[in-house]
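Below: the structure, in C-alpha cells.
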Amino acid sequence: MSMSAYLSQLVQVAVALMLAPLLVGWVNQCRAWLQNKRAPSLFLPYRTIRKLFVKDAVVAQNASPIFRLTPYIVFGAMTCAAAIVPSLATDLPFARAADAIALVGLFALARVFMSLAAMDIGTAFGSLGARRDMFVGFLAEPALLMVLFTASLISSSTSLPQIVDTLAHHEIGIYPSLAFAGVAFTMVSLAENARIPVDNPATHLELTMIHEAMLLEYSARHLALLEWAAALKLFNYSCIGLALFFPFGIVVSGADWLAVMSSAPLLVAKLAIGGVALALIETLSAKMRIFRAPEFLGTAFMLAVLAMLVNLLLGA
Amino acid sequence: MSAPDLVVGAIVLWLGLGVAGLARPRHLAFVSRVVFPLGAAVGLALAAVALSAISAAPQMRELPLGLPDLPFHVRVDSLSAFFLMLLGAVAAAVSVYSAGYFRSSEGTAPGLVGFQYHAFLAAMALVLVADDAYVFMVAWESMALASYFLVTTEHRIPEIRRAGFLYLLIAHVGALAILLCFGVLQGGSGDYTFAGMRQQSLIGAWPSVAFFLALAGFGAKAGLLPLHVWLPEAHPAAPSPVSALMSAVMLKTAIYGFLRVSFDLLHGQLWWWGVAVLALGLVSALFGVVFAAVQTDMKRLLAYSSIENIGIIAAGIGLCILFRAYDKTLLAAISLTAVLYHCLNHAFFKSLLFLATGSVLHATHERSLGKLGGLIHRMPWVAWLALVGTLAIAGLPPLNGFVSEWLLLQAFLFTPSLPQSFVNMLVPVATAALVLAVALAAYVMVKFYGIVFLGRPRESNLAYAHDAGKLERTALVYLAAGCVLLGIVPVAVIALIDPVNVALVGSSARTGTSAGWLFLAPINADRSSYSPLIVLVVIVAVVLVTIQVVHRLYHGRVRRAPPWDCGFPAQTPRMQDTAEGFGQPIRTVFEPFFRMQRHLPSPFDGKPRYAVRVEDPLWHWLYLPIARGSDVLGRMAGYIQQGRISVYLTYSFFTLIALLLFIQ
Amino acid sequence: MIEILAVLGFPLSGAAVLAALGHHRIAPKVNVAASLATFLAAAALTARVVSEGPLLVLDRQFFVDPFNVFLVALTAFIGFTTSLFSQPYMRIEEEHKRLSSARLRLYHSMFQLFSFTMLLALLTNNMGILWVAMEAATLTTVLLVSLYRSPASLEAAWKYFILCGVGIAQALFGTILLYFAAEKLLGAGGGALLWTELDGVKGQLGPTVLSLAFVFLLVGYGTKVGLVPLHNWLPDAHAEGPTPVSAVLSGLLLNVALYAVVRCKVLVEGALQTAFANNLMMGFGLLSVVVASLLLSRQKDIKRLFAYSSIEHMGIITFAFGMGGMVANFAGLLHMTVHSLTKSAIFFTVGHATQKTGTQVMDDIRGLITISPLVGWGLAIGSLAILGMPPFGVFASEFLVLTTAMREAPWATPFLLGALGLAFAAVFSKVQPMVFGETTARRLPMRPSMLPVFAHLGLVLMLGLWIPPFLADWYRQAARLIG
Amino acid sequence: MESLPLYAQLINLLASVLLLLAFAMLAQRRVVTLIDLFAAQGLALACSTAIVAYATAQPHLYFSTAITLVLKVAILPWLLHRLVQRLDVKWDVEGLINVPTTMIVGLVLVIFSFNLAVPISQLANTVTRATLGIAMATVMLSFLMMITRRKAIPQVIGFLSMENGLFFAATSATYGMPMVVELGIALDVLVGMLILGVFFFQIREQFDSLDLKHMEKLKEGEAE
C-alpha cells in the first residue's frame, strides 16, 4: 500500500461527503422539473444541514443515550461505507478491512441503530417507523447481498475493488446474470433509500411514511447528521450501482491521486445521469401500499437469486 | 497430570461441590457464597486446561468404573478440548451469575438446586471426554436427567411440569436413537470403545443407517426440526441461568456428539448426507427465526432464536460434509471453522442474553414482552450489556456473530467449485435462505431489545425495577467482553480452532488467514479479507471526530422537552408497538406457516384487547397424530383384556394350538 | 450341603413357627429373623459355590451352579428386605382394620412358605420337583393374593389360580414328554429327570419330542413369567394383593419362572441344534414388550401400572435370552437382577404412597414430594431407574440388549425403540404429577421405612456404574452355561 | 402288526374309556353327573395304572394307583358332592358354545392331538405307545371344557380331568414318573382342591353365586 493509496482513500471519502447532499439536491431538482414545478436550489440540502447545525437540539425527556448516540453511529457507518465503495479508484486500503459482506453489515448496523433510536422515545410513530424499516430491511439486505454475490461469483472475490477490477477489464464485457442483478439492485436501492414506490421522503403522512417516521423526534444537529447520512447512503448505493454495472472510468490500482482526481468529473457525470433516472422512476411510479412492499422486494430477492443461478448455468 | 486426569478431576470437584450443597440444602448463604463461586473457579480451571489441550496430542485414560469388560474410557483430543473450553468458559460466568441469582427457595431447596446444577455441569463435561459408547450414554442421559430436574425447579406450576415432561421424553427417545446408532457402529464386534468403532468398516446401508440415527438422536437434543418442540417449552420454564447453560452449552454437546460420530467414527461420507443436513439446518434456521419474530415471551423468543442458530450451525456442518465428500479438505476446513466459531459465539451471546432476561425477570417478575419497556433507565447495566449481546446475535460488524456468518458465507461462495451440478444449483437457494435467516435475526433482536429496554414502561410497577447485583453484573460484563473480543480478533480465535480442523478434516484452514494477525482472509487476501478491529477503530474514530467537530464548530446545547410525535398531545405507553404489533408484518408475510388464533375486539369495546396466539404447526402435523395413534393402539390392546376368564383361557389354548401347528 | 439344607430349612421352619404364632405381636420379628437367616445361609452357599464351583449333592437331587446361585442369593436378599418392609406396612394395615390377626398369621406363614418354594425351585436338580415347587408357589401366592377377601382380590386370586394352574398343567405335560424322551437314554427311574443328566445327553434327545415338550413347557412356565398373551392374571394379582406380595411376585416369582424356561431352553437348544427355541423366545419377548407398553398408557391404578411394566421387562429379558450369545445372556442376567431390585423397591414406595394417600388411583395421588420427600424421591428415582435412565443398572442391561439387537435382530429394533419410548411416555407422564405438584392428602404420623428402598436403589445405581468382579464372573459363567 | 399282549389291549381299552368319559364330561351339564363322570375317569385311571404296575412290575406304581383311588375316586368326588349340596348348584347354565359345536371342536382336537402324537409314539419303547395321543387328547378336551363352562365348579372339574389326562400320560405312556414327583403332584392336587374348597365359600359369600360372570370386573376394556 503506497502513500498515494491512502491519499486516494481520503480523497474519495471527502468527495463522497461533499457530493452526497448535492446528489440529493440534483434528484429533487430533476423531479421538480419532471413534475413541472419550480425547482428548489441545487444547494438547498447544504443550507438545510447548516441551518440544522446551528439550531438548539431538542430531545425528548425520556430519551436514553442510545437516542443521542445514534446519529453519530449512523453517520460513521455511512462514512465507512463510502470508504469501501470504489467510486473514484479501486486502490482503497480500507476496502481490505471490509468486503462486500461487511458493507452490507455496515448498512445493517446503521439500520438497527436507527430503529432502536426510533423505539427509544416510545411514541406510536417511532415504533411504527422502526417496525416498517426493519421489515423492508429484512428483505432488501438479502437481495443486495445476493446481487453482490452474483458479481463476486464472476470475479471470485468478495472485495469490491477486486470485483470492479475484474468487471472493468475482462474479455467478456457482457454478463447476462448482471442484467437480472441490475434490475434487482435498482429495486433494492429504491426501497433502501426510502424512495417511491416503497416510501416517500417528501411526506409526513403517517400512513405511508417509513424513514421519516423514525426521524420525527430528532432535531437540530442530530437531524442534520441523519439527513447527511441519508444522502451519503443514496450516494453509496449509486456508487455501488455504477461500480457493478458501469465500472468504466474508475481508476484501477497503482495510479496516483492526481489520476484519481481526474476520474472525479466522470463520476459526477455518471451520478447526474443516475439522478435523472431515479427522478424519472419516482415520477412515473406510484407509491404502493406498505404490504405490497414484500411482494416488490420479494421480486427483487428472487431476481437476485435468479441472477446467481444464471451465473452458475452460463458460467457468466 | 495429563489433560484427561485434570478434566476428570474437574468433574469430580463439581460433583463434590454438588454433594456439599446437598449436605446443607436449606443453607442459602453457604450455597450461594461458597458452592457456586467455587464451581465457577473450577469452570475457569477447566477452560484453561482445555485451552492448553486443544493443540496437544490426544490422550486417554481408563477409569475403574463401568461394565466388566468395558471400563469408562475418557479421551481428550482437540475436538473435545475445544468444546470443554467452551463449557468451562461459559459455565464460569453462569456460576458466578447463579451465585447472585438463586435467592429464597420457592420450589426446590437451594442446596438441591446446587447439586443438580453441578451434576449437570459434570455430566456435560463427561459427555465431552467420553471415549466409549457406554460412558457416553451414561453421561448423556445423566445430563438430560439433571437438566430435567433443573427445569422443573418450580414444579408446582403445571405448565412447567408439562414442559419438563416433554423435554425428558424427547431427550430419552433421542438417546435411544443414539444408542442404536452405537449399536450399528460397533459392527457386531461387541467392542463399544470409540477406538474399536473407528476400526470397524461398515458395509452397505449400515453407514447411512448410523448417520441418520445419529442425526435424529443428536438433532433431538440440539433442537433441529422436527424434534425441536421441547426447546421453546423447556427454556422459558427453567430458571434463567439454567436456560443459559442449556442453550449455550447443552445444545453444543449435541453438535459435538454429531461431529464426533459423523466425522470421527464414520469414515467416508456421502454427498447426499451433506445435502440432507444442509437442508434440515436451513429449514430449522428459517423456522426458528420466523417463529422467534412472533413470540410475545422474551425467553421463548430467545429459545426460538437458539433453534435458528443451531440451524445455521447444522447448515455449516452439512456444507462441510459436502466438501469432504468431494475431498476438498481446505474448503471443508473453512466451513468447519465457521461452524465451531459460531458454536463459540452462540454460547457467549445467548448466555449473555438469557442471563439478562434473568435479571429482568428478577427485577420485574415479568416475562411477557407486552408488559415491559423502558428498562434502560431503571437497569442501565443490564441494558447496555444486553445491547452488546443483541448487536452480536443480530450479526452486525464488528461483533462476533458477524465473523462466523461471514466465514460461512465465504464457504458457500466456494461451492461452485464442486463437480456435482445438482449441488451447484442448490447453492444460490441455500445461500439465499441463510442470508434471509440472518437478516430476520436482526429484525427479531431489534424487537427484543427495543420492546424490553427502550420506549416507555408499559406497566406502572416497572418503576420499581432495580438493576442487577454485583455478581450478576460481573458475569454479564465477562460475557459481553467475550462477545467483543471474539468479534475483533478472529485470526487468533481461528488459530485456536485450527487443530480441530486438522484432526477432523485433515487440513488447516489457515493457509490464507496468514495475512497477518490483523486481517482475516481465507484462501487469499485478494479473494476476500475482513478486519473487524480496523472497522471498529475507524467507526469509533469517525464518531468521535464528528462529535468533536460538531461541538467545536457549532455548539452542544440540548433542551429537554416532551416527545413531539407529530404534535399528538395525549400519548400513553400503550400506543407503542406491543410484541404482537412488532411481529405483525412477519405474521402477514409468513401467514401460511403459522396456526394463528386471533381475537379481534369489537369497535364498541370499552377496554379493547387484541390477542393473537401463534402455534407450532408441527404439533398438529406430527405430534398429535402420533399421540392419537398410540392412544388408538392402546385402546385396541385394551380389548385383549375383557376380564372374562374363559376368554383368557382361550388365549392360552390358541397360543398352544398355534405353536403346536407351528412345529408340525 | 449343610448350606443348602439351611437355605431350605429356615423358611420351612419359619413357616411352621409362624403358622403357630403368626398372629402374635412378635410375628413380624420372627418373619424378619427367618428371612435374615435364610439370606445369611444363601450368602454362605454363594461363598461356597464361588470358591469351590458347582455343587451336586443329596443323591444328585440338588444342584447349584453359577446360574442359579446368584438367583438364590437375590431371592433370599429380596425376601429379607421385603420382610423388613412388610413389618410396618402390615402393622398399619392392621391398624386400619383391613386385616384380622388370623389373616396376618396366614400372611406370615405363607410368606415364608413362598420363599421356601422359590428356593426349592431354584435349587432342585429334578425337573419334576421344579414343577412341583412352581405349583406350590402358585398355591401359596394364591392365598396371599386373596388375603383381603375383597371381591376384587377374590376375583384376582381365582383368575390367578385357574390360569396359572392350567398353564402349569401344560408344563407338567412338557415335563412328562421330557421324561418320555430321556428315559430311553437314561433308563426309567430317577435319573431321567435330573437336569444335570439331561444336560449331559442333550445331544441325543429326540428332536421332535423335545420341540413338542418345549412348546408345552414354554406355554406352561411362560404363563407364570407373564408373557403376552398368557399374562392376563398378572396385573390383577399384582394390583389386588398386599403390596409386599406384589413386590415378591414381581421381584422373585417371575424370575424363577423365567429361570425354569431358560433351563428347558438349554436342553432343547442342545437337542435341536436349531434356533427354534430362540426364535420362539424372541417372538414372545418382543410381543410382550410391545403390548405391555401399549397397555401402560391406559392404567389408572398405580400397582397395575407397575405390573405391566414388569411384563414389559420380562419381555425384554426373554428377548435377550432369545437372542442368545455371550453379551445378550449377560445382559439378560443383569436385567433380571436389576429389575427385581428396582421393581421391588418401587413397590415398597408405592406401598407407602398408597398408605399415605389412602388410594391406589393415580389421579388422587399428588405431590408426594411435599407429603413425604423420601417417598416422593424414592418413587421418582425408582421410576426413572426402571425406565432405563442411567446411571442406574437397568440402563446398563438395556444398553447391551439394544446394541446387540441392532446387529442380531435389526428387524426388532424399530419395535423396541417405539415400545420403550411409549413406555417412557406412559409411565413418566403418570409418575411426574404423583411426585410433584400440589398435594391434597394429609400427612400420616408414622415414618415410612425407606431403608429397603434406598438399599435396593443404591445397589442398582452401583450396578450401573460398577459391577463387582465376582458378580461379573458369575454372570459370565452363567451366560456361557446358557449358551 | 402282531396282536398286542393282553394287558396292553386292556390299557388301550381303558384309554379309550378315558377319552369317552372326557367327551361325556364335555357334553354333560348336570353338575352332579359331572362329578360322577370325573370319579369314573379316576377309576379308569387307577385301573390302567394298576395294570401297568403289574405288567412292568414296578412297585411304586401301586402307590400311585392307591393315591389315585384315594384322591380321585374317593376324596375329591366326595368333597365336590358336599360342596354342591352346601352351595346347591345342581345345574350349569348353557355353555358359551352350544354342545354340538363343542363336540365337533372336540373331535377336531382329538384328531389333531393324535397327529401330534404319532411321530413321537414311534420312538416309544413302551408297548402302550398309542396312549400318549389319547392322553394329549384328554388334556385338550378338558381345556376346551374349562373354556366353555360358565360356573366355577365345572371349570374346576375340567381342571381336574386335565390333571387326570396328565397323570395317564405319566403312568401309561411312560411307565410312571419317579416316585417323589408323583407324590409331589398328588400333594399339589390335594392342596389345590382344599384351597378351592375354601374359595368356593368365600366366592359364594362375596357374590352369593358361583357364576363366573360376576368375576369380570378387573379388565382393561374401558379404562377411561
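Going by the order they are written in, the chains are A, B, C and D; count residues from 1 in each one.
Here is the rule we go by: a residue touches a chain if its C-beta (ideal position, glycine included) is under 8 Å from a C-beta of that chain, and two chains touch if they have at least 3 such contacts.
What you are looking at is a predicted structure, and each value in this text was computed from that prediction instead of being measured.
Chains that touch both chain C and chain D: B. The pair with more inter-chain C-beta contacts, choosing from A-B and B-D, is A-B. Each chain gets a centre from the mean of its Cα atoms; the one farthest from the centre of chain C is A. Centre-to-centre, using mean CA coordinates, chain A is 78 Å away from chain C. Separation between the centroids of chain A and chain B, computed from CA atoms only, is 36 Å. Between the CA-based centres of chain B and chain D the separation comes to 69 Å, rounded to the whole angstrom.
Averaged C-alpha coordinates give centres for chain B and chain C that are 44 Å from one another. With touch defined as above, residues shared between interfaces to two or more other chains in chain C number as follows: 158-159, 162, 166, 212, 235, 295, 298.
Across the assembly, chain B contributes 637-638, 640-641, 645, 649, 656, 660 as residues in contact with two or more other chains. In chain D, the residues that touch at least two other chains are 116, 143, 146, 155, 215-218, 220, 223. Chain pairs that touch one another: A-B, B-C, B-D, C-D. Chain D makes touch with chain C in their complex at residues 58, 116, 119-120, 123-125, 132, 136, 139, 143, 146, 152, 155, 159, 162-163, 166, 169-170, 173-178, 180-181, 184-185, 187-188, 191-192, 195-196, 199, 202-203, 206-207, 214-218, 220, 223-224.
Residues of chain C touching chain B in their complex: 158-159, 162-163, 166-167, 170, 211-212, 215-216, 218-219, 223, 229-230, 232-233, 235, 276, 280, 291, 294-295, 297-298, 326-327, 369, 384, 387, 389-391, 395-396, 399-400, 402-408, 413, 417, 420-422, 424-425, 428-429, 432-433, 436-438, 464-467, 469, 472, 475-476. For chain D in complex with chain B, the touching residues are 96, 112, 115-116, 143-144, 146-150, 155, 212-213, 215-223. By the touch rule above, chain B contacts chain C in their complex via residues 64-68, 133-134, 137-138, 140-142, 145, 152, 155-156, 158, 161, 164-165, 168-169, 172-173, 176-177, 179-180, 182-184, 186-188, 190, 192, 630-631, 633-638, 640-641, 645, 648-649, 651-652, 655-656, 659-660, 663. Residues 126, 128-129, 131-132, 135-136, 139, 142-143, 146, 149-152, 154-159, 161-162, 165-166, 169, 172-173, 176-177, 179-181, 183-184, 188-190, 192-193, 206, 208-209, 212, 235-236, 239-240, 295, 298-300 of chain C touch chain D in their complex.
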